């Protein structure tokens, strides 16, 4: 991770909790593959403080079973990246350990934990994400008040406990059925000052959108009122300004904390859609690498629903975008 | 515009039609501000062919009325960028002609027209966008077949003619009411070969999401099945592969033409949410630049709904992203 | 020019003096082509202050004579870019007005003038360059004390007046002879604080080297002791530290103000080699575009020596690099 | 290393020879510190072929002696980066293992070896560098003909054997004297086709200059005729074109294979100045971290002259720049 300023107190213990929230095998509703995901800082920190130079980290891979992946050498898994990587590069590491593995998100989480600490220490910014939808089950949560502790109450990471119980049932049913589920993660960023974000191309919401759509299995991003906001008229959608003491605030927050690509000091909130996991324990139609029709039957240990684990990835990516804009903002004025 | 290869036949007449589709005053349902938006190529093209060096273009601004903008010097318009620019930079061009003006999208459209020609000539790629939702009115259109001619049949640029008529009525009603409407633009990219897009951070959908969320007034992006795809199970959502002659294809296209961030040869399609125009002819609560509560009453000529004009901006941004990835792809293999 | 912070007082009158020092026709020893090079700021400045958004500038080209350039359509001028552009792009604007024209440096000078003001106002940094060598004539000047006024005393911009007179004679002799001369520009940057520059790849001297070698006709760059420093031993070359009051200083400055890629607070100084102008009024062997041997005879109005005009380009590029690092440095510490 | 195309045959054995040429302890004239510098490829290569994704490599550090570095915790070593890192970041890893250690060049050499193979396999490009000057001793070598075998004949890597012997004597004398020497590395790139390099800012020589000045201990870069070319007139310096069969060539090569920032098909050659090693076994004046005058006496094992080992670093950086431009060139034409 490059770009972290010097002088931030940092240790592995700042990173490990987020990595533990991402790793497989942490609860009964996710994949039973065991990965300890122990992070080690190998450079960029000296005597407990960042040096201003790149922070190198390693996360050893302890549970490789290359035998699990033999069939995918010959057959393209539907809605995976097997075919497109072959189409692009003409060669592919079919063992599943490469860039198309969701395992690459461990690195994002480690870097995100540093960004998160930078934002907390330097700016008092807090980032909390949670599962707001699994399949047809929709939770109701307040972006202004949901806490990290609220999120961690259940394995499904949904603070709406009544819905959370149903979500867990649905995920377990999907597992038994060899099927999978998708859902939505909502994320709130509280405490960002007005002024972060750059005009035109690097608007804060544009960088958030790119960051979120770079996460595996994502299909959509919306900020503030999002797609639902298109149902409103301007008179209802506009956020009136008012003075709250000496602070400029808005009465509503359809903008999602960003106006003209720049933060206005209100809570930033957005939603990210995750498709149902592509790996299912069903027979599916597909083709072979040498272009014959065939069928593929899923085997092994996989998540029926990645959304609870994706919560921490969304937080990490949000932290990285916000920290980047916090630093860029330092060049805004003479 | 930098990065266009040498050897592309190019003239102003390749750019002007798209600029005419974007400009205000083109039909009765959009703003009556008159801007001819005549583009002139000033560098990068010689004897009708691109030189491989940056293409400089100018679009003169002919309808400035700085008198219209006096009130915004003192009062922050709700859900505009007035306050956030002041918060960021401590100074702001209150005349409205700067980077926060929707007028900056003219440059995007001009550049997009070059990218579009590059894609058409070099790769047979076709890009068509249309209005698929205004307020609560939802159109039904087939991403595989909608043509540019279909889109241009009505001023509202919705190929579903029955819905289009209602959309026009709704926009005219909003105008009379001093109000505004938002909506959704759907875009289809047809004919892109398998292999475009880069692993991990520069996935095609990530770059599309960033490009779209950089357009003024956007609040959301979804590709393929999008947010609605979270209602499906993996068994229903996965796109089975099959051989169509010697071409690998998918039976369904929930992926939206992109898998693992890389095109798979199917039609790329995505949707972009636009909030209702922030400028309304109503009295609104707000604050002054020197931090007093006040009210603001909109005046002048503005769009009750920018979505029909945004169609060409979405096409332009899509073309720029696709052309960039087409060029990047040239470095994929030895 | 992008990246200038908001809040800098700026007007065309800050830019024009440097443009006047660059333009042809300013004295009897340079080309007699007349270009007024009048700069106009078209965006990014409002009520005399920078907005933090890109600063657009135009410099109209008033003295085009496309008739002068007909022969170069067919014949490659030796040591010009005619052949290599054809080799790269397969097409070339033979009228000479494009990116291979030294005229593109006018834009660098305009942007450099902004960077120079930013450095002066924000950091008290002063940048002065001068001609230190023309052909075999070598000047002797003190990098710590040469002033802008010293430089402008003569048309050749060499503060060593005895040598300057000989340089002017040599340039006039070269002109009469249809020949040309090269030389060296030395540049001093005084007042930069310790800490500017980034480790490893973006060392300050690396970015200076790139900036200087991007200027047309340059063949070399050296900082501090440079190539001559290879004659010394470490015991003589090392710069001993000492305390000057509460400031860490060095007794000598072979380092040229940069150690480990980062400024140490001493004067930064470097030298840039310019080859003799490629355009000469002599018959030269060359080849045609369709690959036949031929001869070419130079005609028209050209500089026998660009080095005096290059002084301001070197200053501009130095200012751009320093200002960029001054801004980047803001992200160095928590 | 990111950006290597898919399909290149690659193994550790392609990288180790260059790493062995860089490592300390390889001959009697360099530091006796033992580092085996064994490289291991950990990602990006599968079944012996590059995947088109980043190539991760590790080089374990086997000879750390943190005890050696205790004194530098308190005292700034003259002409090292100790003071400037403190000035920039306010914190510094005084153990010497970080970014200011010449050890970081091992990574450059590993990446450079991949670039070198890419250039050789894909384009028949050959890169050879050698020591052309140590202290006052100047070698005479032909940039068109010096081979890698010629270079490796002596420990000092100077193909002029008579001078090489004197250089070795001089280095041994410097070591006995607790002193150090600098010098010049010359590099030739043969076989690059016409057309590589980008106009204006990313000229090939600009990128080469930046790459070379990013190498520790460098003070200068010159290409083709370089600083000496300023002694010539245009009539002597221009490189006349002629047809050699169907190939456009130049009779002389003062340009150094680059015109207008783009290769012309002739041999690219340039020179890089290295200052005498800053670490010497002498008593030197300096200051402490808490700003008191003091003296420092060098101890331990260090190179009296890094120039022979720098040869492979220059080659590596040249290979990286050329390979980057070879890939960028793919986007030059439709």
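By letter and in written order, the chains are A, B, C and D; residue numbering begins at 1 in each of them.
The rule we apply is simple: a contact is a pair of C-beta atoms (placed from the backbone, for glycine too) under 8 Å apart; a residue touches a chain by one contact, two chains touch by 3 or more.
Just so it is clear, the structure is predicted and the values come from calculations on it, not from any experiment.
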item	value
Farthest chain (mean CA position) relative to chain C	A
Chain pair showing more contacts of the two, B-D and A-D	A-D
For chain A paired with chain B, centre-to-centre distance based on mean C-alpha positions, whole Å	26
Geometric centre distance via CA averages, chain D-chain B, whole Å	47
Cα-centroid distance, chain A relative to chain D, in whole angstrom	41
Junction residues of chain D, two or more chains touched	6-7, 50, 52-53, 88-90, 99, 199, 332-333
Touching residues (chain side chain B, partner chain C) in the complex	6-7, 43, 46, 49-53, 88-93, 95, 98-99
Chain B-facing residues of chain A, complex	76, 78-81, 83-85, 87-90, 99-100, 104, 133-136, 174, 179-184, 193-197, 199-203, 205-214, 216, 218-227, 229-243, 246, 248, 250-251, 254-256, 258-265, 271, 273-280, 282, 284-287, 291-293, 329, 332-333
For the chain A and chain C complex, residues of the former touching the latter	3, 5-8, 50, 52-53, 118, 121-122, 199, 327, 330-334
